[in-house]
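In the part that follows, the structures are each spelled out as structure tokens.
In the two assemblies presented below, chain A is common to both, partnered first by chain B and then by chain C.
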Partner chain A sequence: MRLEPIANPSLARRLTLPALAIAATILIASLLAMIAGGNPMAVLGQILVGAFGSKFALLETLNRATPLIFTGLAIAVAFRAKLWNIGAEAQLYAGAVVVAVLGTGALQLPAPALLTIMALAAMMAGAFLLLVPALLKTRLGVDEVVTTLLFNFIFLLFVSYLLEGPLKDPMGMGWPKSARLTPEARLPRIVDGLRLHWGFALALIAAAIVWIIDAKTTLGFEMRAVGQNAEAARFAGIPVTKVILKTALLSGGLAALAGFSEVAGLKGSLTLDLSPGFGYTGIVVAMLALLHPLGVVVAALFVAAIFVGADSMSRAIGVPSYLADIMLATALLCMVLAILLTKFRVRRD
Partner chain B sequence: MSGVESAQPVLRLQNITKRFGSVTANEAVTFDLAKGEVIALLGENGAGKTTLMNILFGQYTADEGTVTVFGNLLPPGNPRAALDAGVGMVHQHFTLAENLTVWENIVLGAQPLHAPRLRAGAAKAKIRALSEEFQLKVDPDAKIGALTVGERQRVEILKALYRDARILILDEPTAVLTPQETDALFATLRTAINLGLSIVFISHKLHEVMAISNRVLVLRHGKLVAERATLDTDRAELSALMVGAETSAPDLAPATPGAALLTLSDLSTPSIGTAPGLRHANLALRAGQITGLAGVSGNGQAALSDLISGLVTPQSGQFEIAGNTVATWSPRNAIGQGIARIPEDRHKTGTIADFDLTENTILETYATQFSKRGWMNWRKAKAHAESLIETYDVRCSGPDSRIRLLSGGNMQKLILGRVLENAPRIILANQPVRGLDIGAVNYVHGRLAAARDAGAAVLLISEDLDEIMRLSDVIHVISDGRLSPEFARGTMQPEQLGVWMAGDGFEGCDHAA
Partner chain C sequence: MELFEILTSAAFWAAAIRIASPLIFATMGELICERAGVLNLGIEGIMVAGAFAGWIAVWAGLPLWGGVSVAFLVGVGLGGIHSILSVPFGLSQHVVGIGLTLLATSATFYTYRVMLPEVSTPPKIDAFQPFHIPFLSEIPFFGPALFQQTALTYLAFILVAVVSFTLYRTPLGLAVRAAGESPAAVAAQGLSVTAIRMGAVMVGSGCMAVGGAFLTMSAFDSFFFDMVNGRGWICIALVVFGAWRPGKALFGAILFAAFDALQIRLQQTGIGAVVPYQVFLMMPYILSIIALIVMSRRAEVPAALMVPFNKGER
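Right, the complex of A and B next:
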């Protein structure tokens, strides 16, 4: 058996294979559900119901998808330029810390101004956090995979210190959490009475903007050129180092918006368990989306639905919600295989 | 037995046909190879030479036809069987692991994978014996990464010999070699023939085919169109057979040189790794003139081309463009100064393989011509690509197809179009016809000559002395980073240039020493 490259894969091939990947994921998940003692149809059905079955469930899924859209976009932007940003988790917390500092009374401004300033400041913090590894990469050739990954741990410990020290809520009964944001610093709900905040709308706008940058601007062209062939890009007069640094700023800023929207929108205060690994799951989201900004929205909704649905399924049927993690991993592997098979044909000799 | 064997061909290809989709790469190809014989397989790019050899070596499966080695049918699509039958292939692009040593690369795959340890002593002894016998000088303990291209090729040949190959297939082996290395390779091949090996030599360089082969097979559009004994033919006939018509080199009218557009005076650049930088170079590229740079590869051509491209800045000396001293220097400055680059490596530095033709045509000019305040004008870009495809006769399925699908010649035409459409003042053509077929070569040369007549200053860097002498109005020779004085067209014989290329003749000119 060997792989033979396909020069120009047909549209049918490019659409069928991802669909097959999703089918394979569902099949494998059913098998696992059976092993765990559940009826696969009931388990999958309950996941669907849990994710989309009621107004409450649907809003919960959208809320869960919001930070994943931001981190997924951050990863997609960086990966397209072959800047391997594994540090979206740290950049998310950088944004969250800025919000917790500015939003708890340090700045007294009307809501629109305060929210804008907080969002911009959060983006700057996240951008700065990725700028350092990007500079180390362009100046000294330090591998950004290592630096960004390690930054996650360092920054989480730093947040832990802040929550035990300077940012600790004096009214928090000793819990390591920040003070609650002032009402002006909270992202309002999109519709009164429904538990969905403006962070979700912001995420959709961010995806549209990234898509426009990608397709319509010189920066997008430069980022893709640098990612595909940095040598040729440099030769053609594209300022490669500058493009990598701009990419880093954009990517770090997007990841930080996840932290902004979680604290200002959903939680109202900063805690150490703000993110259950949104920065890492963002990598899965971006890969599932084939690094396409609009695909990121779809992929984030898919991933969020599986998590939210699995939680509810677990409560109703008793099959462990770890099934969600396995489904996600399976989906990713199946998608990677589907991408491979779009580009190559298997030949048996 | 030996009498029977020498009468029987060592290799027989019968009726080989291979199709890729609607394209027929090989059609009913049949030939024999005798013991001790060298067959040259001649043909333009895309004629089906490499496909045919990949079928023989088992990397592709033929749709029809059979391969027989020493009287035994080869199972199709099985490189291991081809290796075991005594077929060794030296690919155009080497297949060596750079972080391993020479002997490790050679035994890789030849020894059982799960042996507790490699038997280094015996392997090295065998390699030393082989390199002695075949005059393939190489240190078995050297790391591949530290070797020159010529040395790496020797390792590839040793790899085949180490596995007791009796038939060697060499795919464009001289494309990457200096003239001296080519001579050494030919000496090795003659030794191999004397020792009873047989060789299939793939090339499109006619003088090499004439020098080394006994028999020439000409492939055109996948079909075997002619077979000649080398003694009964000549280069003119072969090139006519290859392209199906007599080709003509461009007739160059005498140049009318104008002002110097790019001047180097006493200029030096840092050396990079083992590649020398420029040493106190003096050069003037004049408008309306083609300046040829002759020299053996690796003597500072890269330094000069990097300097002009904007990738390297001078260490000392004067660098002027159109009479103005260059202060800040980058690839973007170079493009802004009207310098057009035809890069040496089309795939690595000239194009972006997965970008479509539109994106590749605007790679150098997107910022100035195809965007406004950061917004791309894709409609204009696409129209531009379409007009280039038309004007420069790029064969492709349209501006939206990815450039990796183009043949080398068409890719080069697109690059030519990309830079020439901007009416450049200075053209840096670095090995502009390497790997192209004769039709594309003449096209490229014609375009360069036309650009010269339109008033551009052209610098032609090439290792092919014929190309330099045919096209250049003035010639410099580069050797170890030093530039010879300027020689006018027709005043130098190849032998005299050879003296300079070897580094002699610089006495008295070299102020540095």
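Right, the complex of A and C next:
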């Protein structure tokens, strides 16, 4: 077989194929639910109810979407420029560590100033963490996929050391966790009494800013040009290396904001299980959003809904909640194939 | 001098060879894929799936070699998914690989929970036991270090020889290497680049899965969730370190495993009392990055690695 480009894909084609990808995902999830002894309709229904069925469920979904918007944006920005940042997990923890250091009494400032400084410092830490692999890529040609992946393992061990050593909560009964943040270092709730913090609003603002950078600025144009064809971009006079490094700073900073928002907003202290893989899930979010910054918000809500819904389904019906992870991986693979097939036709030789 | 004592003990080198074994399988698997022009980032997930599949098959009653075969076939199947998406459809190998790792890992954990819903500690199997090779195992130093390993370790070394011979001494190997260097030339010979690449990815993925199975069937006798723990990513670094050559990659894997065995032993010495244990655990990952940096200038990357081939396209 070979692939033949389609000059002007019809609207029907562009809508049907992604819908088929979603349908395939739901079909596979149903089959797996049946294997585990669950009624597929009940399982899928319970996932929906668990994600959206009550005010509490909905807020839980928005809370879960918050870090995913940040990591999704981080990945989308990087992948657009073909900078394969698989290290958002480590960058998230870099941001979280900064918050745990500055927010537990080291810096005595009124809340607005302290939160601003913590957010900026967290972004710098995350940006620095990605700058190293980016420099290794641009200077020495070391593949950033492997270096960013390995950084995840190294940095998590570093966090583990901090939580058992310098950052350990003296009142923590021996648990490896940091001290609690001071009240000034906490992101307040958007509405009193409802468990949704300003991190969610910040995530939406970040998505809007990234969209503006992407659509309206020279940097956005340059990042896309480098991603499409680095050689051609170089030929057109775009400083490719500089653009890659700027992309790395932006991407690492965005991922670190996920850590900032989780510690300062949701948890109030740093533990080693702060992120159940938000950095990796951000890849799925970004791909489902076709790397579009505003699409990331929608995709993050979708992904968060599946996770929150599957947790609730697992408690109610007993089908393992790993079903959510399978659904997302399947959706990712089916979606990239569907998007390809909107642009190409398969021909037999 | 403690370091000298450690490095000259046969037990230390026996441990290094044991630690190297799963890496050798998976590194050979990745090397086969990359030599044909496909970067397989599914490696981490395939190792997880292989570790589970081999172990659960033996737990369900299959003989040990039956378990190894099941692991290999699971790897071939997962490689099939990767290769369909990455070769004829030419999708981004980064995205397909990461997606496959997520899929294989979560599918493994799901199957585990479905098959063993009530257990808190996973059941154990009768794993491969060390097999003393007659005569050779009695050679001082080398005997205990090399020839008192399990059958799977010997298989790992045989695999290196087979991969090396096939790649450099057979028409099939020539075709695989050419698919990774200049696919257009392969197509001009009337051979199918698609078939060669898909075959290489499937066989390579099978080897990765056996590498995973080594962990549950030889190194340990049970399955744990975070068992593979980045070994797949380390193997990708080892392929680069080995400059895409089986012999050099084998050397890299043993060198790497020796450092790993060393850090475990150093934790129990005076140094281990001062330095936090996390620093020792970081060493394998840091070493991999250093290996990548050192080799970055010299490595001869297959020219068509990560370049999809669409016949008739210029």
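By definition in this document, the second predicted complex is superposed on the first by the 344 of 349 C-alpha atoms of A that agree within 3 Å, B and C clash if a C-alpha of one lies under 4 Å from a C-alpha of the other, contacts with A are read in each partner's own complex, and residues count from 1 in each chain.
Basically, contacts are C-beta pairs under 8 Å (C-beta built on N, C-alpha and C of every residue); 3 or more make two chains touch, one makes a residue touch a chain.
Keep in mind the model is a prediction, meaning the values are calculated, not measured.
**Q** Let me test your reading of the model: by the given contact rule, A:A19 touches which partner, first (chain B), second (chain C), both or neither?
**A** Touch status of A:A19: no partner.
**Q** Going by the contact rule set out at the top, does A:I6 touch chain B (first), chain C (second), both, or neither?
**A** In the superposed model, A:I6 contacts neither chain B nor chain C.
**Q** According to the stated criteria, A:P320 is in contact with first (chain B), second (chain C), both, or neither; which is it?
**A** In the superposition, A:P320 touches chain C alone.
**Q** Touching A:A236, do we find chain B (first), chain C (second), both, or neither?
**A** After superposing on A, A:A236 lies in contact with chain B but is clear of chain C.
**Q** Pick one for A:L333: touches chain B only (first), chain C only (second), both, or neither.
**A** second
**Q** I want to verify the contact counts: of chain B and chain C, which reaches more residues of chain A?
**A** Higher number of touched chain A residues: C.
**Q** Answer with first, second, both or neither: which of chain B and chain C does A:Q228 touch in the superposed model?
**A** first
**Q** Between chain B and chain C, which residues of chain A are contacted by each of them?
**A** 349
**Q** Using the touch definition from the top, list the residues of chain A that touch chain B in their complex.
**A** 7-8, 216-221, 224-225, 228-229, 231-239, 349
**Q** Which residues of chain C touch chain A in the complex?
**A** Result: residues 41, 81, 85, 88-92, 94-96, 98-100, 102-103, 105-107, 109-110, 113-114, 117, 194, 229-230, 233-234, 236-237, 240, 276, 278-279, 281-282, 285-286, 288-289, 292-293, 296-297, 310-313 of chain C touch chain A.
**Q** Where on chain B is chain A touching in the complex?
**A** 61, 76-78, 309-311, 330-332, 334-335, 341, 343, 348-355, 359, 363-364, 366-367, 371, 374-376, 378, 401-402, 405
**Q** Quick check: in the complex, which residue numbers of chain A touch chain C?
**A** Of all residues in chain A, those touching chain C are 1-3, 32, 35-37, 84, 86, 136, 140-143, 145-147, 149-151, 153-154, 157-158, 160-161, 164-165, 280, 283-284, 287, 318, 320, 322-323, 325-326, 328-330, 332-333, 336-337, 340, 349.
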